[in-house]
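Given below, in the form of structure tokens, are the structures.
Two complexes come next, and they have one chain in common, chain A, joined by chain B in the first and chain C in the second.
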Partner chain A sequence: MFLKDYIKDVYGAVSSLLKGMRMTGYYFTHHKEIITEQYPDNRETLKIADRFRGEVVLLHDENNEHACTGCSACEIACPNGTIKIINKFDISPEGKKKKAIDTFVYHLELCTMCNLCIEACPTDAIKMAQTFEHSVYDRSKLTKKLNNEGSKLREGIE
Partner chain B sequence: MIEEIGRTTEGDLIINIGPQHPATHGVLHLVITLNGETIKKVEPHLGYIHRSIEKMCESLSYRQFIYVTSRMDYLSSHINNHACALCVEKGLQIEPPQRAQYIRVIMDELTRIASHELWWGAMAMDLGAFTPFFHAFRERETITDIMEKTCGARLTMNYMVPGGVMAELHPGFQRDVERFIQLYKSKFEEYSELVTGNVIFQNRMKSVGVLSKEDAISYGCSGPVGRASGVSCDIRKLYPYDIYNKVEFDEITETEGDSYARYVVRLKEIQQSIRIIEQLLGNIPEGDFQAKTKAVLKLPKGEFYQRVETARGELGVYIVSEGGTTPYRIKFRSPGFSNLSALEHMVKGLKIGDLIAAMGSLDLVIPDIDR
Partner chain C sequence: MLSLENITRIIHEWLNSHFNPAIALDTEFVLVGVASITLFALLGLSLVWMERKVAAVMQIRLGPNRVGPKGIFQTTADTLKLLMKEGLVPDGADKFLFNLAPFIVMIVAMLILAPIAFAKNFQIWDINIGVLYLSAISSLSVIGILMAGWASNSKYSLLGAMRSGAQIVSYELSAGLSVLSIVVLTGSLSIKDIILSQQNGWWIFKAHIPALISFIIFIIAVTAETNRAPFDMAEAESELTAGFHTEYSGMRFALFFLAEYINIFIVCAIGATLFFGGWMPLHIGSWQAFNHIMDYIPSSIWFLGKTIGLIFLIMWFRWTFPRLRIDQLLNLEWKYLLPISMFNLLLTSLVAIMGWYF
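For the complex of A and B:
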């Protein structure tokens, strides 16, 4: 009786192990089932989702104009103090003072990609870009100025 | 406490497992008192990843504090965000639109599946099997891709906002989820072939780390750990939130209370989650995905509490408001903390190898315990 149980146990153990090994062998011989991506080599064919949150960018059109009025809604919405907007006052030809952004400072090292600034923006001036390779050797390179040199507010946006 | 490094006064050996140990899944530090190889005492030391999330939330507005909670239990970040959003909605007395509620529940269940998948792979790896980890990640990858397309992030989504969800679903969402369900159903057999039916695995799991029903209640265990001991503690059934009262699913309970029961509960829960998703996926109503809320949220003076079922158990969010734009005090009741406290009771008198099996079956996420 004891011997019978013993042999039964051994048989059960061996058969369950072979079952698992069969599975491993199946994947070893079927290369079509491989799903690993060869990352640095497949940069050209890599598909990143449209909504992927990589970093905040300020959108500029072909005339080097953006839609940021300098209202600081994104700065208030940000939980980490990632965004700092420094305003200046332009003087129009009629002699009126007009608020405009001087520098849109963005600290990538503080950003958690929570999307709250994009939600808060009333003029859709900023958006999330799909870049993700952010490593640099110097931390100061992560502090970015988002508005281009010489860019100005697009006509008709208040 | 330790009186002398290395030995107790009785001559028992004291060793540290962690904080840097692959079997503790993070920075958990266990001080174990051993007599030979038999465990006499297990003392968890916490605080290695304490980021004072509760205190941080006090300086953030009701819109901002939700994103921080993704960093507590990072494997069920959607569900954490959901709990916070529900609690703020309770204070504001607003009801999210039907469409938002459907989307929220589908996302919650997808997160639960992803979390259990990862646990399954990690559990097998704790017990020495390396291959199942890749099988688990294959299916989980499909879910993270779905999350990436709709929410924009793979792990810390921040998709739930007070009053609904942040963005409309991705156009191909339904097709993607259907494809995932199809893939999962075709691969489910592999799970039992590789791990569940394996005799080594069964011998190491069965009647190891037994937790009786009474102990599970007195330690406050919830989630799959409580249900494996026969405690009916599914918040989705007991205190339904959003549209959980409209969907049909079974609460999985086992009576053995050992590591194998906890394993079985989680695998069956994945199938119940798929059942919930299948019921909801085709019937998402049209309409807004977000209720109209003010730009600055102010909760009335008072206390608000909301509990949800995360992948690990009961998560409670308690907000005390003084009427301002930021909470006066926030407290999170995290499931991992209570589940970990039962560990010493479970493994007393067992061998060290059994400690790993028991600890793996608790599904500990250390940032959730420390917060």
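For the complex of A and C:
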């Protein structure tokens, strides 16, 4: 019985080691698997992983309209106060007051790319962009206003 | 035909015809020394580059590719950097031993070079106890490592050195036993005789199962003896910073680094000599035509090819397997490798006596 276990041990060890060597051997012979990006050289053809999170952006369509209702769900969801939504009230032709965003303030220097704001957004107005060249000479440049000048809420989004 | 054998003969004859034999012999000593130091430097540079490239591709990376084509001058640049760095000696260190240790490790590596046959009739020293000499000298390197660990007066160095001591002393046994099985088959301790006995086929094919088992044990044991991953407990970056050479910097560190790669080359050369016929071309029994074609490839190419193949195998191990814990390491040796290699030695003896090999 002891001898059987002993041989089984040796066999199991050898076969699992060979399995590992087959994996690395496969990578050694298949150079197309190499995932290194030679970054500054291949800036134009750079391929970034789909789930990479670079910064939060507010999506605008061609009519300069966005989907942000100013509900502040992202601001509440943010764990370290990266987002600040400043609201204003538009007065519609019928004389009704309507809430809209005045400024969507985003502090890139505070953001940890945790993705909680994107998940909290009820209208999918914001998303994570894949840009990553964020270095600037002045810290104040990292505080961004996400909504474009003169943009407004898209029709039909409540 | 230009071969290493002819070059040495021409030099030898020229020296003897122009000077008296004593001066000629001394000149040859110096030439051999210079040649082996040059070989060491070239080996160090090329093997480090090879290691980095192999590691990179196995980990789906590119590896060094900036200095020179495919990064082949990367290691030269690194060595130049190390040459210019200051070699610090810690205050609490034993200065004499601390400075001596890297040289001991290097000298041991150089000594093992003596009986290795690099090509047909191209050997520094053909002694009739070549294999015994090899196994005796190769265990000396642990003294250099222990010396470095003790003299550094640092906890990491000492722990690394102690581990290395335990490891080399244990694995020396199974390495020796697996080498013995080839000695049993050949009936000679001389490297030259061992190679010549593989005229009609390499031992790993001729002596089938026992040779295969002893080759596997040999390659595991020498990986451990050279302190390479998965047995790199003496260095163990993640546990002991750099193990026995934590306190070393500059050229002294480079010597340790170089010695590691020289040792890999040497143990692979020994493995190639014992199991794959050294410089002997691939011969299959009595296939005369095939054997003649194989003889056209120079013997030095055969030797280097086999050695680099084995070096690649050891690098493959390093970049695949996780590091063993010290108790697992000793378990592997004393509970598995040693009994198996003892049993294998018996089996080999049986095969040799009954003539069950080709």
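By our rule, the second predicted complex is superposed on the first by the 121 of 158 C-alpha atoms of A that agree within 3 Å, B and C clash if a C-alpha of one lies under 4 Å from a C-alpha of the other, contacts with A are read in each partner's own complex, and residues count from 1 in each chain.
The rule is simple: a contact is a pair of C-beta atoms (placed from the backbone, for glycine too) under 8 Å apart; a residue touches a chain by one contact, two chains touch by 3 or more.
Computed from a prediction, not measured in an experiment: that's the story for all the values here.
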item: Chain B versus chain C as contact partner of A:53, first or second or both or neither; value: first
item: Touching partner for A:35 - first (chain B), second (chain C), both, neither; value: both
item: Partner chain in contact with A:114 - chain B first, chain C second, else both or neither; value: first
item: First (chain B), second (chain C), both or neither touched by A:17; value: both
item: Partner, of chain C and chain B, that touches more residues belonging to chain A; value: B
item: First, second, both or neither for A:81, with chain B first and chain C second; value: neither
item: Which of chain B and chain C A:128 touches, first, second, both or neither; value: first
item: Touching partner for A:25 - first (chain B), second (chain C), both, neither; value: second
item: Intersection of chain A interface sets (partners chain B, chain C); value: 17, 20, 23-24, 35
item: Touch list for chain B against partner chain A, complex; value: 60, 63-65, 67-68, 131, 138, 141, 145, 148-153, 156, 158, 161, 166-167, 170, 190, 193-195, 197-200
item: Residues of chain C that touch chain A when the two form their complex; value: 54, 57-62, 316-317, 319-321, 336, 340
item: Partner chain C, residues of chain A touching it in the complex; value: 9-10, 17, 20-21, 23-25, 27-28, 31, 33-36, 38
item: Complex interface listing, chain A residues touching chain B; value: 12-13, 16-17, 19-20, 22-24, 35, 49-53, 77, 79, 112-116, 119, 128
